[in-house]
Every structure is written in structure tokens, then in C-alpha cells.
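Labels run A, B, C, D and E following the written order; every chain starts at residue 1.
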Amino acid sequence: MNYIILVVFLGGALLTFFAGKINNVLQDILFLASILVPASLFFAYVHAGNIFNLTLGGIHLSLGINAMSWLFALIVLGLGSMAAFYSVSFMKGKERRGYFYFNFILTIMAMTGILMSRDLVSFFIFWEIMTWSSYLMTVYNGKDVQTVGIKYFVFSAIGAYAMLMAIVVIHSINGSFMIEDLVRSFPEMPVNMQILIPVLLLTGFGVKAAIMPLHVWAPGAYSNAPMAYTSIFSGALSKMGIYGMVIVMVSLLSYVPEGYWFREVIAWMGGITAVIGTLWAIKQDDAKKLLAYSSIAQLGYIIVGIGIGTPLAMMAGLFLAVVHALFKGTLFLAVGAIERQTGTSNFREVTGLIRKMPWTFVASLISIISLAGIPPMGGFVGKWMLYESLLTSNHYLLVIVIFFSSTAAFLYCYKFLFGFFLGQEEKEWANVKEAPVLMVVPMLILSFFSFLLGTYPGIILKPIDAGMQYLGYGITQNHLWQTSVIFNTWGNQVVLQPLLYSIIAIFLFFLIFLTIKSFKQTRYVTTKDISSSGEVPKEHENLTFSVDFMQPFMRAVEPVMRRQIDKYYTGLANGLEALFDFMRKIYTGNGQTYAIYVIVFVVILLLFKDILF
Amino acid sequence: MVGTPVLFIVIPLLAAFLIPLLGMLWKELVRIVPGLVLAYMLVLSVNLLNHVLIYGPIVEVIAGWRPPLGINLVFSAFSGFLVTLVVFMGLLIWVYSYRFKRNVDFEPAKKYFLLLMMLITGSVGIILTGDIFNMFVFIEITGISGYALTAFYTGRDSAEASFKYLMLGSIASTFLLLAIMIIYSQVGTLNMADIASKMHTIKPVYKIISFIFFITAIGIEAEIFPLNGWAPDAYTEAPGPVGAAFAGIVVKASVYAIVRYVYTIFDLSGAYDFLILIGLITLIMAETAAIRQERLKRMLAYSSIGQMGLVMVAFGMGTEEGVFAALFMILNHAIIKSLLFFSGSYLVYNSKHKYIKEVNGMSKYLPITSLLFALGAFAIVGLPPFAGFWSKLSMLTAAADSNMLFIIALVLIVSVVELVYYLRVVNRIYFFNKEEKTEPKKPTFNALIVMITLGALILVIGFYPDAITGILHKASADLMDKGQYIHDVLSLNK
Amino acid sequence: MNNTYFDLLDYMIYGTAILIILIGLYGALVKKSLIKIVIGLSVVDSGVNLLIVAIGYLKGGTAPIFSPGYLANPIKMVDPVPQALVLTAIVIGFGVTAVALALVIRLYRHHGTLNIDEIKDLKW
Amino acid sequence: MKKIIVIILLGTLGFYTAHTFFDIGFGFPHFEHGIKDVYLQKTVSDLKVSNTVTSIVVNFRGFDTLGEVTVLFLAVTALGGILYKRRHEVGERSVLFSASSIVTSGSKLLFPAIILLGVYVFIHGHLSPGGGFQGGTIIATGFLLMLLTYENYSVNHTVLSLVESLAGIAFAGIGLLGFMHGGTFLQNFIEPGVLNNLFSGGVIPIIYIMVGFKVGAELTGVIYTVLHEKG
Amino acid sequence: MNELWFDIMGAIVTVIVAFVVGITYMGLSRKITARVQNRKGPPFYQNFIDALKLASKTSAIHHGFMQHVGPAFMMITSIMSVLIIPVLRGNAWFVNLNFHGDLIFILYIMVFGPLGMALGAGQTGNPNSAIGVTRGLSQMVGFEIPWVMALVALMMQYHTTSIVDLMNVQIQSGMWLMFSSPFAFIAAVMAMLGMFRYSPFDIVGAPQELASGPMSENGGKYLFTLMSSGSIFAFAKLTLYVDLFMGGAGNLVELVIKTFALYLIPMLYGVTSPRYRTEQSIRWFWGWPTFFGFLAIIYAVVF
């Protein structure tokens, strides 16, 4: 069954690509079918038992699913299906639909493949397919391909090659590519290998998870891809890095003494990533960039959780991973909707869409609240568990770092909502319509799930629990969660259900109070009708506040922002290119010089013949 | 059995001598006959290879004198595989250029096809022969055909490139002769197997010096740094298919020669490390030079040189895995780089200087060619699920098994560089707007067929590498077994 | 190998051959004129050929020809193999030189000069 | 600067090469059980050819010779390809000054003699020093003389290439006949006859004659092509 | 069912108490500020009157949906925090949701309101509101750091995140945490200065510049809701401090005394100070308060 799913994906991708030559509607239907059919096949038929073995090129490949990958497959296929519905409407009337659909399906296939891989080679193959299909999406717009696109691919390649090196090193030690064998033999490996292999693997996964020094590709890539795709890109694709990290951190490193240092370092890198991502997100004026940096920051939290690695922390990390997919997927979809309806995603241009696109706003609001980690949304549960786990595992400073980043996140959360939906309703955007139903419904569904998980985290904690048991955590982590109650390891708890009811009750009470009271006398006025310092402003006065939105805060953190990792990378790349340019001058173009090189070569060999041979 | 290895040489030679006469009868024959010959060679090599894989190597003697006396040809799994590859590529190049030369006069066309055929024959000869002096002759045949083909287009700077090639080639033959003579003066024989069996009697210093001369001479053809000054020029200025022929055929034969010397004839242990060393230097220098190129073919040329460096690194490991990886890379490189040359030369067909920037926006005009170029670019940097991945994986696995972590890291870093420049071109094809006024030239039907065949091969090997790995394993085992080679050749009693 | 006796002639023949090679190489590597370079390359060929023939020489040996009325003792004959090889090498050298000269003509036609320093349009 | 570097480099190279060859030694056999002893023995006993060099060139290592002939053939082809011009671009032969009558008359006299000498040399290749290559070269010299002497002397190109091709085909064809007859390519399938007779040595003289024709025709072709080149 | 009604009644009582106490404090603060500045000032019950007036007024205009939602969100924060923070030790009426949330939950629910209010303010389209909001959020990032550090120190030291447990610790040991964890207390109090937004940290409202900032477009029922939620929230925060550092309160009188004593700190500090710029304010919080926060954590780790 496993491989049939992949084959259906692949065939679907090709069919969809070519169907575009015949009929657009047919293409749409095929596209949806080739996402949904394998997805439903997956959930209906695939379970931990079935393993598909194959020998290719003398290498034993094996596909199968386990509890951990099932969890991630849930993210991938769930978010993938939603984004697929959205895409159909999103891509209407755009060019290169076949290209988009093809790569979309291929990415989903590759991610499913990664999750099914039981050996490192097929893991790597799918990993690379994922990389290039996502690269092709990154350059879909044809904008900044030589900078942003190349940067993405170069970083991905560095990561992938680090991984590849690890894979071959593992093979040279083990004689096997199976992940199980690696896990089994890892504790007996020599110490230098115990350090080298995780470092290489973590580099590989860290790139996709946009961990701190390797994150510079993410803002450009996330914002350049079509938004329908970026929701998967950020929501699901980056989780593949997380998935890999989970395997490394838990299955390998928890059995060796060096693991402690790895955990600390990774957790701290995650923390720093979170801070940097947040600060940069605040600075952005483009919603896509903002969300991209926000994704980096959110992935930082997840990495912290996985890095700490205590049961609660791991649970927090995985829970955050699920929730992040939900809310960041929604937000990117919302930006896509706004961009489609208005033609821009820049806060400086778009304002006051709340009345034009109410449903998009509702979805965004819920997701933003979830992102900010405020109860009663899903994000809070993840954050709560993360803090508790940090506290109970004595990471005092890390808590502060995370908390700082999480508080600063409110700034961009607000900026997002205010920039698009609130503020002055300019005439320019008076004719904007709500996005088509097919785009709004997936967003609402996703945001509904973020809401649901805020009160009933048990729904998703159950599979997480199963996955963690598969990884070798204690028999069950039931002492950490019930359907609607979460505990920390000190025994403190948060009971979500009564809190939610209270919140809803208070909210409804006051909402009704505010609405009903003198309802008749209250009338709606436009945003131009305000008192500014006691005066009523004229029609033509510009009351839109969107430039340098967070300037005071930026001024406060300016010393930190001055140093950009990106600049160092660019400097390195330019320096290298200059060096290469210099080096190639050795090919002078003069035939005689080349002949002299030959003689030089011979003479050098003759002089050093005793050393060389 | 449909023939013997000697037919690989004789049939094309006969045809070559016949072509001027046939051309007098019917002009079209000068185009058709080489193709028929190549097709025949392909059939022959496939049949022989099948035979060899089952029954063991065929050793053919010439003029009825058994090996130490006469010249012999060895069609083993290793050389047979390479011959098949070379002939296959040759046939594709012929198909590709069949109509390509329509707009060229009859006289040059005659010469083009004749020289192309001889280029392939020379390479086949290098691979098949079991005699070092005979190898020299074939190297010269290849060389002269190469010089002439490089200078084929009179309109360009091709003579300059060709002259550089010739100059280095001439120096190469000097060193080759010196090396042969040093060997001959010590063992009194020119037969490879015989030399190999007597190698232990030679004083080490002679061994080393003759090896140095050998490696210099063949290194020039095999494009190792710093002996490869001619290569980028020749690739750039030669007609597109000839560039593919250099990358896919001539270099392969030269690498074969190096490998034969290192693995079979000489018993220098330092030679393996030396291969790794020069392979790495070549790889780094070529790939870094490629990233800054302004001309498409020149970039492909440097890339090709770099790939050969990688192949040499793999051969330098001296393990069967390494050889397997190297052969796999040779195969993939032949297929993929030819595809890149084929499609690339259409992308810049009508531009004068073949600048990379002239491929901008070509995807709108030449969709299939562009797609195939992109496929080739993706494959050559080793992205799965295309063919290049498997060879890269096997190469790295072999390196890891030989505990060469530093080399793995270096190779991978260089791969990133390679990735960058290929992606830049692909991005230009797809995402830039066309600026130049030059008319894109539609590929001819033949060219399309060839390119699609190559593209399909990339996919087939990518998805089902087992199609080829069986042969490769046998071939690499064959190369590693030096004693068997000597035995096969010398025990032949006729 | 055995180097028991010292004779100036031994050194002279090898030495001359090697000197010719070096002179040829010097011409090919330093001279600016393409014609001189080609000449240098063929001088190198001659030197190599001389060296090859010298390798097969046997002191007091006869030509490897079994003519009637001629002392036909295979032991005292010089080595015929290098001579055969030289024959081939000469012809190949001739072919290469011919092609080289043709290229020089082409280069002159195209660039209007024979100075190799001015013929480097293809570089880097 | 460049000169000094080159001199230093060549000096080092020369030193090592000279050292090696001096060490190898001159004028005495360097090895035992070499192939040359077998050649010297078999050329008389099996091939009945008195010139060992010829027997090596044509029979023992005949394959090399085939390649060598091919190289020449290719050189001619390459020359034509490299110097190819469209018809209207072909120039006249350039001659600085015309030859004096002594030269013209002398050349006319000498030409048949040269050709005859050439033919003699390649026909007796298996008996005495010389052979196809040498003879062919001598014939080409004759043509060179005529071409230099007479401004409007011309060689029929078609005939040249016909000779060239036919000789080559004959060489390869004889080789193939040997293949059919004896199982190996270039096999000496004709009874060798008696040592030191003109008709001895089986196919060796035939091949060498073919080589002579071929070489003569090719060298002439080269000279002719280059002479018609206007700088 | 009775229990549910009992809970609801208890909650209502708690809210009313919080409202009354909070609004009185606000009135008192105006009075005291005036006195320090040598003015007469309004009577301490002035805010009651204001609230009643606002509640009875008819709001003529609104700018949209979010303007309703914003104050409601603000109310969620205030009431939820006062319900979760233990107001009185062991009094059944005031138990409410004490055992359903912990410190982290409080921390997050406490930022919900400001964000909601900010959204409501954003809807009005008044640029002053938005500027005020950005300042407020920025400042919040500033003072949350020392505040969280103080809380982390406490939580580390006593291995609990529950406020009730922390209160019980103080009862059992007989020593208030402000004495047993002095640095945490100092950091927390410094953070409190920002939390109450008195001068010099009144950059959000900044009457002179921003026309009271986020509030500026709100009147009538909206302002009433915001104002009452503000007073409840102030009370909740003070109660939290009392619970954490002063051992909580056994009865209402004790609670009022303790909270008022705490309330005087930001009020009196602010009376004489001119307003900071936003970045100055942020940097101030990242200076000494954060230093004390560090000391608190080190103290908690060492002891």
C-alpha cells in the first residue's frame, strides 16, 4: 500500500501537468484527486504494520510508517488537502498552472515519502525531491530567482549534502542504510563518529527547520513562493526538518553521553532563532516576509522543545509543530487571499479590509491569537507546555529568552492584523471583495482546529503520545495530559475546559452588552469620522498609520539588529566568487602558457617523485 | 557471436577509406555510411558484451602472433562496457548531427562525418588495445580527428582552440613515446599484460619516471589540471556535437588509459593517492572556474573537466566500490553532459559569442529543449531521482568506506558550487526575459529524438539503476582482477 | 642497470637526443611565431625519434636484415623493434605537423598575425 | 623572465631525462627474453622475410601500421577540412619567381628517376632497408619537385584520392582476407616462399606496396593542398 | 447544578469587589497625585461618578465590529485574571478558578486584553490610537522581561507554578517571599512600574501627545467597559503581587491594606518623574530591573 500512494501521487502529478493542455477544469479535478485520493488511502489503509521492501541499485530500501511519522503525515496531508482546495481557486486564471500543480503534488509526495522512509537512502531521495520541487515553487514568480532562489537551493544543498555525508559515513560504519540499524549501533560507535554524525544530520535538518545560522534563506523563499504553497512550505515542509531532528535528538543522542551537550546547544540555538526571527518579523513591512520571519521564530520554539527533550518538552515541541502548521498555514493562506484580491501584500499599501474581507479576518484573528500563544487557542497549550518543561528541567535563562521572543511576537501579531484589516479604510480598496468560498473555507476549517486544540489538546496529544512511545519514551505520558487538562512534571495543571467556558461566557456577555445597549441610537460611521485631537479631520487628510510602525521598539533593539547574519553570508559568497574569478585567470588563453604548465607539471612530479610515489 | 573485437577497428577504417569513393557515387552516402558503421558497431558491442558477461573476456590476437609478440585486443567486461558506451554515444552524436550539417557544403560534410567516425574509432581502439604502443597510435588518431573537428567551423576562433589542443597533444605524444621507450628498454616488450607481469623486475626509479611521463601525456587528453588548458577552448569552439563527443567519448577513453596504467600495468601504490590528489585539484579548479564563465559551452566544458576530476578521485580509491562508482559516473556523465551539450548548443544556436545571458527566456521558444537542459542540469548535480544521484551516492559511499571523510566534504562543497552555476543558467532559461534579437533555432527532428532519448535514459537510470549496475559490478570486478587479466592475455595459445 | 664502463659516446648520443628535445621544447615554449613553434614541435619529434633508435642500439651490432652473404647472427643484431616504432612515430609526427601548419595558415587568415601572444581570444 | 623560467624548467626536465637514460646505458642489451629475439628468429623461419623491421612493421605489428596509415589519411582529410574554402575563395598558387630553364629541364629528367627509385624502394621493402613509407615519401618528393618547378603543374585530385582510398581498402581488405582465411586479422595467409626472393614473405610485400601507394598519394595530397593556400 | 450556581455567584461577588476596590484606588491615585503636585484634586469617589456617567450615556457612533469585540476581550482578561488569582486565602466565595490555571496562564491571559483593546482601537482608524498601541506593546516587551525573571526565580525556587502553592509556601515558612526572595521582589516591583503605566511610563496614554491614545475614539459604553475592566485588572495585578510576595490575604481588610501599600509604589514613583520616550522606557526596563531579575534567578539557583 505504501508505494501505491507514492505512485498515485506521481502519476497524478504527471496527469495533472498534462491535463492542463486539454482543459482547465479537468486539471483542477485531477489535481484535487491526486492529493485527496492518496491522502484518504493513507489514512484508510496505511498502518504501522505494512512495510514495503525494495532493492534498487544494490541498496535495500524500505517504506513503512510508524506512530511518529503518522503524526507528521497528519500535518502534511491535512494541511496539504486544505491548501489544495485553496489552490484551485487561488490559481484560477494564473499562468503556469501545470507547473504549480505538478510541484505541489510532488512536494506532498516527497514529504509523504520522507515520512515513510525506513532507510536513509530513500529518506534522502525524497528529501531532495522535496527540496527541488519546493525550489521550483520558490522561483514560481520569476522574481529574484538568482538571489533568493539560489540562496534557498544553496542552503538546502549544503544541508542535504551534510546529510548525505552523514549517510555514507553511517553506511561505512554499519554497512547498512536502515534507520533501525543506525539507532541500534549508534551507542557503540566511536566517540568522534557519535559527534560527527549528529552534527551533520542536524545541519541537514536545521536548514529546513531554519535554525539560526542557517535560516537566512527562509524569508525570501517563503515570501517568494505562491502563498497557497507557502502555507505548506512553512506549515509542513519545515516540519520535515523537525521530524528529522526528533529522530536524531531522541533516537540517537539520548543514548550517548554527548547527547547532553547536543541538547543544550540545540535548545539554545532554537531560543536564539526565536528571538532573531521575532525581531526581524517586527521590522517587516511585507506580510509575507513578516510571516516568514515569524515562521523562523516559531520553528525556534519547536526546536527548543525538541532540544530539551524531556517528555513534556518533546510533547510541547510536537504539539507546537502541529499547531504551527494550523495557524501559520491559515495566515499564509489569508495573505494569499488578500494578495489575490488587492494585488499587494504590503502593510504600507493595504489597510482597513475588515469590512471587505470579514471571513478572512476572522480566520486571521483566530490564527494570530493562536500564534501569540494566548488562551484559549491551540498556541497557548503548546507554549504552556514549553514553559513548564523548561522550568521543570531547570533552563532558567532559556525561559526568559523564549518569553522575550514570545512577548515581542505580540508586536508583529498586532501589526499583521492592524496593517491589513484595521486602520483607515482607504478609498483605493473600497471595491475589494471577499475571497472565493473555496479559499475562505479551508482557512476557516484550519482556524477552527486551532481553536479546538486550545481546549481539547488531547485530540492531538494522543497521537503525539503514541509517537513518543514509538521513539522510546516511557510507556505512556498520560500523567502529562488528559483530553482537556495538561500537567507539568511538578504536578501543576491547567484545566482548559472551565477556563474556556468562562472566557466564552464573559466574552459573550460583554459583547452582547456592548452591542445591545443603546443599539438603536448607535450608528456606524466610517473611519474618517473620528476626532483627532478634538478636531474632525477632513476627507483628504491622510490618517493612515503604517510607515515605521514599530519604530520605537526598533530603536530600542537597534544594536542587535545591526548585525545581520545574511550580510556575512553575502560577503562570503562575493569573496568566494572574486577568488574564483581570480583563480580562473590561470587559464590565460595563451597556448604557450598551457604548454609551460605541462612542463611545470612534469618537473614538479619529477622533483617530488619520492614523496608522491 | 556476431564478430570479433577487431571489427571495431577494421570496419570503420574500411568505411573511412571508402567514403571518398562513395561520395563520388552519391553524396548522401557520406552522411549515411558512418551512421551505418556506428550502428553496426553498437550491435556488435552489445552482442559481445552479452557474451563477455557470461563467458569471460575475449582476447583477440592480430596477425596470428600470440600476445607478447603480436598486438592483441582485449574485450573484457570493463573495456567492453566502455566500448559499448562510447559507441552508443557516437551513434547518438551521429543521429544528432545528421541534419545539423545540412547547411554545410558537401566537402566539409564528408570530412565531418569521416572525422567523427574516426574519433570514435580511435577512442574504441584506445580502450580495446592491449599494447602500449598501439595505444599511442590510437591516441594520435583520436587526436588528429579531434584537432580537425575542433577547427571545423571556419567562422569562429576555432583554429586557435585547435592549435592549443594540437600543441599540447604534440607535447603529450613526446612524453608518451619517452615513457614507452623507458618501459621497453627495461622489459623488452610492449604488451600490457607482459609488462605487468614483468613490472616487478624494473628498478623503481624507471617505473616512477615512466609513470610520470605517462600520466602527463594521457593527462593532457584526460583533462587533468593543469594540463587541461586546451579543453575549455576546444569544447567552446568545436561544433556542439563534437563538444559532446569530447566529453562523452574522448575523455572517457583517456581516463580508461590512465586507469589501465594505474591498475594493471604499474604497481605503484602511490599512484592511487596521486590520482585522488590530481582528481581533487582538477575538480576544484574546474568547478570554481566554471562558476564565473560567461559562455555557456565554456561553462559546460569546465563542468565536464570537474566531473572527470571526480571520476579520477573515485578511481583513486583503489577499491572495487570506487571503480564501480567511477564507472557509474562515467556512464552518467556521458549521458548527461551530452544532453547538456546538445540542448545547450540549440539554446545559444544563433548567437555569435554563445554567452550565457543569451539563453534568457528561451523556455518560451524552445520548451522541450529547455526542459531537457533543465533535466540535465538537475541530473548532473546529483539530485534524485535522476541518474546522477546514484553515481554520486555510490562514489560517496565508496569514499566513506575508504575512510576519506575530508574528501567527501570537499567533493560535496564543490558540488554546491556546481549547483549554483547550473541553477543560474536554468533560472535564466525559465525566468528571465529575452533581450537579444537573435532568432531561436528550432531543433531538428533528429536532434530532438536524440535529446529525448538521453533524457529518457536519465530518468530510467534514475528510477531503475539496477538496469545498469549489474554490468558495472562485473566491469569493476574485472578491472580489479589484475592477475586474471595477465593470465587471460598471456595464456592464450594460438 | 649495468653501467660498468664509461664512454663519452654513450653520453653523446643520448645527450644529443635529449638536447634536441630540449631545444625543440624551448622553441615551442618561448618563441612567439607560430611557425617557429611548429618547427620546435617537430624538432622535439626528431629528438624523440633519435632517442628511441638509440635505445635499441647494440655496440658492434648489425642491421636486422638477413641478406645473403651477410653475417646473419641474430645475437649481434641491433634491436629492430625501436626502428619499427620510430617509423610509425615519424609518420605520425608528420601528420601532426601537417595539421599544425594548416592551422597556422587558418590562424593567419583569421587574425592576420603569427604572434601567439596576440592570438588569445579564448581565455579564462 | 619567461625565458629564464622555461630554461630552468627544461634544465630540470633534461637533467632527469638524461639521468634516466644514462642510467639505462647505451649499446648493450638491457633485458633478457625480450620480444626482439623472437622477432629476429621468426622473421626468417616463419615469414621468410629478410628485413626484420619490415616484418615487424607489416606483420607482427601490422595493426600499428594500419593505424599509422589512418593517421596520414586523417591528416590529409583534416588538412582539407581545416583549409576548406568555398569555391570562389580558392586562390591561385603563389610562386615568388619562376624556375630557370636548368631547373625545369633537370626536373623533367629527374622526375621519372625519382618515381622509379620510390617504386623500387617500396617493392623491395621486405628484402632491403626501406619499404612502403620510404618509397612513398620518395615518390612524393618527385611530385614536390615538379610542383615547385612548374607553376601550372597540377595533380588530379580525384586520382589521388582514388589511389589513397583504394590502397587503404586493399590494406584493410587483405587484413580481412587473412581474418577469413586464418582466423586472425592481417594473418599471413599466402605461402611465404623462399627467403630473399622478391616474391616471398606472403602478404607482406603486397601490403607494403599498398602502403607505398597510399603514402605517396597522401603526401602529394598534403603538399598540393598546402601549396594552393594563399596566406 | 447548585455548585455551578455557587461558582457563578462567587465569581460575580469577586468581580464586584475587584471593581469597587480597583476604581477606588484609581480615584485615590488621582487625589494623591494632585496633593503631591500641590493641587486640590478630585474627590476619591470621582471615578465612580465617571463610570456611572459613562455607563448611562448613549453612544452615538461606532466604527465597526472590532470596537465591540475589543472591550469584550479586555474584559475577558480582567475577569479571568481576577477569577484565577486567589483573592482571599481559603474563602469559598473567592475560590473561583484558582485551581484551574497557573502563573504561565496568568501571564498569557494578562496580555490578551491589551491586545484586544488594541484591536478595538485599531478599528477606529484613529492614528493616535495606533501609535499608542505600538508604544504600549513595545513597553510591554520591556517590562515583561524583569517581571518574568522574577516569576521564574520564584517558580524555580519553590518548584511550583501554582499561585496557591506559592502562597502556601509563605504560610508554612512564615516568611513572605519579598523577604526570602528579595531580588525577585525588587525586579517584580520595578516591572510593576511599567505595568501600571504611571509617569514616567505613561507613554501609552500620553494625554498631551496622543489624546489618551488607544482610548481616544471610545466613549460611553465602550469607555465604561474599558475603564471598569482597567480597574478590575489593576486590582487583579495588585492581588497577584500580594499573593506572590506578601503571603496573600486572609480577609478583605488585610488585602486592601497590602494592595494599597503596593499601589503606592508606582503611583509615588511616577508623581515626580517626567515621561520617558518609548525606547528609553524599554531600555530602562532592560537595565536595572533585568539585572535584579538575574540576581533573583542566581539567588534562586544558589539557594
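Note that in this section a residue touches a chain if its C-beta (ideal position, glycine included) is under 8 Å from a C-beta of that chain, and two chains touch if they have at least 3 such contacts.
Please read all numbers here as calculations on a predicted model, not as lab measurements.
> What is the graph distance from subunit B to subunit E, where chains are linked when they touch?
When the steps are counted carefully, the minimum from subunit B to subunit E is 2.
> Quick one: point me to the chain whose Cα centre is farthest from that of subunit D.
Using the mean of the C-alpha atoms as each chain's centre, the farthest one from subunit D is E.
> Decide which interface, A-D or B-C, involves more C-beta pairs in contact, and give its chain pair.
B-C is joined by more C-beta pairs in contact.
> If I average the CA coordinates per chain, which chain comes out farthest from subunit C?
Ranked by distance of C-alpha centres from subunit C, the top chain is E.
> From the mean C-alpha coordinate of subunit C to that of subunit D, what's the distance rounded to whole Å?
Subunit C and subunit D have C-alpha centres separated by 16 Å.
> How many angstrom between the C-alpha centroids of subunit C and subunit A?
Measuring from centre to centre gives 69 Å for this pair.
> Between subunit A and subunit B, what is the separation of their C-alpha centroids in Å?
The computed centroid separation for subunit A versus subunit B comes out at 44 Å.
> Averaging over Cα atoms per chain, report the distance between subunit B and subunit D in Å.
Taking the mean C-alpha position of each chain, the two centres sit 30 Å apart.
> Give me the residues of subunit D that touch two or more other chains.
2, 6, 10, 13, 16-17, 23-24, 30, 34-36, 39, 61, 64, 67-68, 71, 74-75, 78, 82
> If I count partner chains per residue in subunit A, which residues reach a count of at least 2?
584, 587, 589, 591-592, 595-596, 599-600, 602, 606
> Taking the top-of-page definition of touch, could you list the pairs of chains it picks out?
A-B, A-C, A-D, A-E, B-C, B-D, C-D
> Using the touch definition up top, name the residues of subunit A that touch subunit E in the complex.
Against subunit E, subunit A makes touches at 352, 354-355, 358, 365, 369, 372-375, 380, 383-384, 387-388, 391-392, 394, 396-397, 399-400, 403-404, 407-408, 410-411, 413-414, 417-418, 421-425, 488, 490, 492-495, 498-499, 502-503, 506-507, 510-511, 513-515, 517-518, 521-534, 543-545, 549-553, 555-556.
> Any idea which subunit E residues touch subunit A in the complex?
11, 58-66, 68-69, 71-73, 75-76, 79-80, 83-84, 97, 99-102, 104-105, 107-109, 111-112, 115, 118-119, 122-128, 130-131, 133-135, 137-138, 140-142, 144-145, 148-149, 152-153, 155-156, 159-162, 165, 211, 216-217, 220-222, 225, 277-279, 282-283, 286, 293, 297, 300-301
> Which part of subunit A faces subunit D closely enough to touch in the complex?
On the subunit A side, the touching residues are 596, 599-600, 602-603, 606-607.
> What part of subunit C is in contact with subunit B in the complex they form?
Residue list for subunit C touching subunit B: 1, 21, 25, 28, 34, 37, 41, 44-45, 48, 51-52, 55, 81-82, 85, 88-89, 92-93, 95-96, 99-100, 103-104, 106-107, 110-111, 119-122, 124.
> Per the contact definition, I'd like the list of subunit B residues that touch subunit C in the complex.
133, 137, 140, 143-144, 147-148, 151, 154, 157, 159-163, 166-167, 169-171, 173-174, 177-178, 180-181, 184-186, 190, 203, 232-233, 236-237, 289, 292-293
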